[in-house]
């Protein structure tokens, strides 16, 4: 079907609607929908033709004469795809705005159809003046469609829009006529050839003419300083129409700019990039302090258009990946914005927390989060693949400064979008529940399903062009997403399914891993399964828990199995997102989950930049293998190492980037905390292992990077443990202790010798076991007592003996007291530091050893020992399903304590290929290093024998011991009457705080708070730019024109 | 007559600029609108001189005719509702 | 005061840009590529005497189609904008001057005739659909001024407008299937240059445009007058 | 000749913009825009003008054969036709908006229509 | 280490000797302290009387399982520490159960006793016990740091983690003792020694007047008896480590008794002179004085 039929049908229906009387409104509405469906069908048919045959685009002539003398349209793969997007957005917008259209009658419907037809015109036409006419059509149609909204400020917004459009059209007309005069033709392709022919020395006429045309069309894209008018439109217009305005007209204007850039040639590309990047970063920054949801969406859509404009500006270096990248970003933006705007129609309140009304409908929440994920470029969606290629090509061309800006903008955008998601999930639901009639749900469903489908398509594209894996087809992610469909099942069914799936996957694949990866695989899968056992205690359906958990585990196992950098990075982002959803489930976890996602995404972007830098240094193979990190050469290698190390350290919460961990782990649910703390932190460690394994020692400006990591590890260990001492909340104490332990592991890794790595691995295993156990036992106690504050508990040893035993064993293991496995870690540590060259950081590690013992004792003393409170007298033991994993862990600890060789023997051999000297040799039950040997079995026996002897002796002597209750003691010659008065728990280590308190001031938190405040105040200052007066917006536009002109002439 | 043409155009242009300035800085709205109409009329004459009759006719019919009328119509509407206390 | 100063500075800079644009402009002595093609081929291909009309209607037919839609849009939007406060026109108006009513009765048919003449001879003499339509609209305007109480049936204007639009699109499509391309005027024999029935479909198209533009302007004026109240 | 016309056209555009930027009354602003539009139209037509040539109408005086040497560039005129009509369309729309704004907010002063900010 | 069974009776013998020596020595030291204060002091065999009395008491109360295990942990910590380190260098009989890697084991085994004591006392629910534990843990944790640094520098110096080898290296007469080869480490260790001996400058843990004997407040009869035996064994065991590491170890029992007595006198001597530190003062004192010495000893070796 010829593309012109789009125009014919569009106009025909519009005029036909004029015929219908007032009464046949519904007939008119049906006609409108039919027309829009037909137009979408035409472009869909073209898309199928081009996608199938891969034919290149061809021209359609009008008026029977060849192009330069008549207007021609070009229909190609890109045009077909864009027109399809525009028509579909129009169709769904019409469906969504049904009631408004019916209220305003056929004229409004005619205006809508003509608007959509004009947008298709902009995409198809190859004639400059025709482009101008269609732009004017859009201006008038937009001004008209703004009336659909019932908000009375829409009129003012429409008028401001018209004012600025007058300026734009005046400049555009002058530009066109002078360009015509200089080149002799109005056809874009003709003009392009003629422009190339004109020698640039005559910089006068044509360059300025092109400048005017270019600046006018770019102004349609609402660039940052000059877009006050657009924001009012977004805020005031009917959400259905705002979707069209941001998705469809944004797309059309972008493609128009792309056509213009063909004429302008390469020396105009930097101008486009400059405007684009300023818009992207500026709009995102200004979106931070926004409270009105539609205005925020307005800012976000302007930012995304700016990003795509930057990509347009870089098209010379992208070659044939250009449409893959620009298309990925464009479609993700369009679908996400349309979806979000349509969602905003359902929500009554206009501030962000009002969106909490969506909580009652899980499907709408899923729609919201898919749109947010699409916008921030998270894995399964097209923008993720596009972002990956964009980063790689930018760095390959040495434009890493631009990439840094883009990543900064993307981080800010992710920040305010996930903050919004946090409000949606956590805030109190407002009174009026949302009414969602079918005709408003269908468009949202279409947008979301479109997003996921495009995610699959882009996956196929990226696997065929670049050899990347199509994420949606990988087994773990597929398994995780099936849980989305099974979410209506009861929790225990899903739990069994999950555990079964994980164990099955492990049994299928455990042969492939080398010893190091095997340990991590065991922890992630088998460890995950054991931790999931604790989830049996929850009854009901736990909507959203299992998809998130499975997403996290899928991300982790894919991380291990990833051999190339793309798989690694995709897995990294998957586990980040999965863990974010898990953490967000906690009752008060909203701010912490937000800081977690922002830090993790910041780290992920660093890793992305690192891989891009690495890929640019290596000859361009389709996929950059992780192993290739090893042969990076000097100028690039230290920077890659720095970026990747920083990225991984955000995940292991090294000091400086640790502030998200306490909140995230403490506020998470009972069975989520062990998962997040025991298992997730190991992903960061695995990253560091891979990095150090491949890149070894690097030095930047003469500074040994591994030495710096050594110090960071030592400081983290000390401060992590020190902060843990002063915590009143049990889970926060354990969270800070995780930071400390991770500092230990980082220290071990950074020692860069055989035993250091062995110690780190020993730590990985030990830390998983006892941290999960401690979190579970504390979680069980918190569930029973209802509070996490330690001074409110006390004396629970009699009521919850099993939890006590688990915590006791955990404490002995963590503090490294001989019989248990903790001592093994310490022993290897000693041997390691004897051989290591750097000695000063050891001091901090020595100090953090005993300090670790302090806060652990505080944990067990305040919870289990001391005085039992009256209200806890009738507490039962923690639920069975929380106790069971703890007992498994106790048994595991015993096994690892007695026979550490079973686990570490193979790993020792594996590490020796990196560090041949200093290997331990294991024979029988003794382990000898060059300094001494350690026989865990013998120690266990000796200590056991002495212990039993004395215990027997005491039993014999005290046969008739009289059991006395806790409360029965004399205290300064009186019998205490209230247990609370004698339970010493509050500010347990007061002397330590007096002595070492200065080390624990929250410098880092204050630093990050200062950074965010800076961004917010900057945004608030610049926000005053938009004072609502249409004339000032006209001023801004002219200022923008003059500024870009001087910038261009200056360049 | 053809040698007179350049002088005629100059005169015409000056008149147009003066009318435009009046339209912008004019005291009351009606005078401004009339001045704009005048600018449009003079423009159509200028188009004739520049050998484009079609445009001259359009400018005359639509530019000066209809636009000026639209302005007066709206001005009338605003004026009338102004003095009788404005619409409810 | 600062606003004026800033405005002046800005416009000076813009003026600078325009000045450099103008200095770079050299009127070319020969017709450029496209203009020469039009000059040579219009008479032979389309048989239209007025080259500008040929360009407007056939060569850049899509522009004109867009053009007409612009008017259609602004008419319907003005209707939308002003429709919301439609009051029953039950007002008594001071009787209109004698001179106006009789003059109107005499002049209106003449104006309509002139309008029709203009857009029918669009392809021969200067002028065409837009100018003719405007003249007809001014005729309708005169009627309105003369007799403000006359209630123009919106339905009539709307049907005229829509039918004209539909026929225009139909001719375009016909051109696509029968003749060379969309909006091609060689549906009918182009006849001899200068004849009334020459240049294929151009006269038909232009008269349709004339009717449509006239209808749109008058609907705009009618909706404006409808909101008239005491 | 063409220079004079073009210069006046540009001056008109500048005057129009100045008016649009400084006038607070909506109607006066729209008047300024119409003047800017006329200015632009004059510039466009001035571009097409060639010295010593006549209008692009083939009739008795200008036969089809010698048209190439005699007529001026018809294309700008075709463009101006459309530009004028579009200009009118937008002006009509702005007037309707201005009226509706006046009706709803009882003021024609642009500075008072600033309820959407930030 | 091939585990030969003959070591068990010898280990019992060593424990028996050390226990008796401990009783007599601590009584003697207290007598000396009293005589310095111009008091007559307690009879030498006072400790035996206390033991007999405590074991003889018929009434014994217990606050729960962990309370019961507290003293057991404590004493097994003391005995274990003693047995893991060779008392007499060179003699097969009295090298106890020591093996090559026992230096680190000894360093961490000290915590075994402290942990047990703390848990047991906490179970008693007595606030004094809890306050005592806090003070004890804070102070000991900081006191351990210089000692750990000293041990590490010694290990670096002799490149071994076995106590026997270290003692072997110091057998070449007085001048080869670590005291002279690595004075910084020894000074740091001796300062930290004060911290862990609960003698007056750092005895705020069991501060007799403020919180009557701190953690073991609720213990009496046979539990207290066990603790008493540990109060005797543990210092000796700790001194044995100091002796072996820094003062050339003991080749015969009389040399063993003399050196242990002298090292014990060092803490008693300092204890009598200085007033009691609060916990944060003692922490700061260790940080300012002892830790820099330890760090220097590491850097120097």
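Labels A, B, C, D and E are assigned to the chains in the order they are written; within every chain, residues are numbered from 1.
Criterion: a residue touches a chain if its C-beta (ideal position, glycine included) is under 8 Å from a C-beta of that chain, and two chains touch if they have at least 3 such contacts.
No experiment lies behind these values; they were computed from the predicted model shown.
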Distance in touch steps, counted as few as possible, from subunit B out to subunit E: 3
Furthest chain, CA centroid comparison against subunit D: E
Comparing the two chain pairs, does A-E have more C-beta contacts than A-D, or is it the other way round? A-E
Using only Cα atoms to place each chain's centre, name the chain farthest from subunit A. B
Rounded Å distance between subunit B and subunit C, as computed from the means of their C-alpha atoms: 19
Counting only Cα atoms for the centres, state how far subunit A is from subunit C in Å. 55
In whole angstrom, how far does the Cα centroid of subunit D sit from the Cα centroid of subunit E? 101
In whole angstrom, what separates the CA-based centres of subunit A and subunit B? 59
At least two other chains touched by the same residue of subunit B: list those residues. 52-54, 58, 62, 66, 70, 74, 77, 81, 87
Could you pull out the residues of subunit A that touch at least 2 other chains? 129, 133, 136, 140, 143-144, 174, 178, 181, 186, 1031, 1035, 1038
Chains grouped in pairs wherever the two touch, ordered by label: A-C, A-D, A-E, B-C, B-D, C-D
Subunit D residues touching subunit A - in the complex, by the definition given at the top: 13, 16-17, 20-21, 24, 26, 29, 33, 36-37, 40, 43-44, 47, 75-76, 79, 82-83, 86, 89-90, 93-94, 97-98, 100-101, 104-105, 110-111, 113-118
Can you name the residues of subunit A that touch subunit E in the complex? 795, 797-798, 804, 808, 811-812, 815-819, 823, 826-827, 830-831, 833-834, 839-840, 842-843, 846-847, 849-851, 853-854, 857, 860-861, 865-867, 926, 928, 931-935, 938-939, 942-943, 946-947, 950-951, 953-954, 957-958, 960-967, 969, 971, 982-985, 988-992, 994-996
Please give the residue numbers of subunit A that touch subunit C in the complex, ascending. 2, 4, 7-8, 11-12, 14-19, 21, 60-65, 68-71, 104-105, 107-108, 110-111, 114, 118, 121, 125, 127, 129-130, 133-134, 136-137, 140-141, 143-144, 147, 174, 178, 181, 184-186, 202, 204-205, 208-209, 211-212, 1031, 1035, 1038-1039, 1041-1042, 1045
What residues on subunit C touch subunit D, complex-wise? 3-4, 7-8, 10-11, 14-15, 18-19, 22, 25, 27-29, 31-32, 34-36, 38-40, 42-44, 49-52, 55-56, 59-60, 63-64, 66-67, 70-71, 73-75, 77-78, 81-82, 84-85, 124-126, 130, 193-194, 213, 220, 227
For the complex, which residues does subunit D have touching subunit B? 1-2, 4-5, 7-8, 11-12, 15-16, 18-19, 23, 25, 27-28, 30-32, 34-35, 38-39, 41-42, 45-46, 48-49, 53-55, 57, 72, 76-77, 80-81, 84-85, 87-88, 91-92, 95, 98-99, 102-103, 106, 108
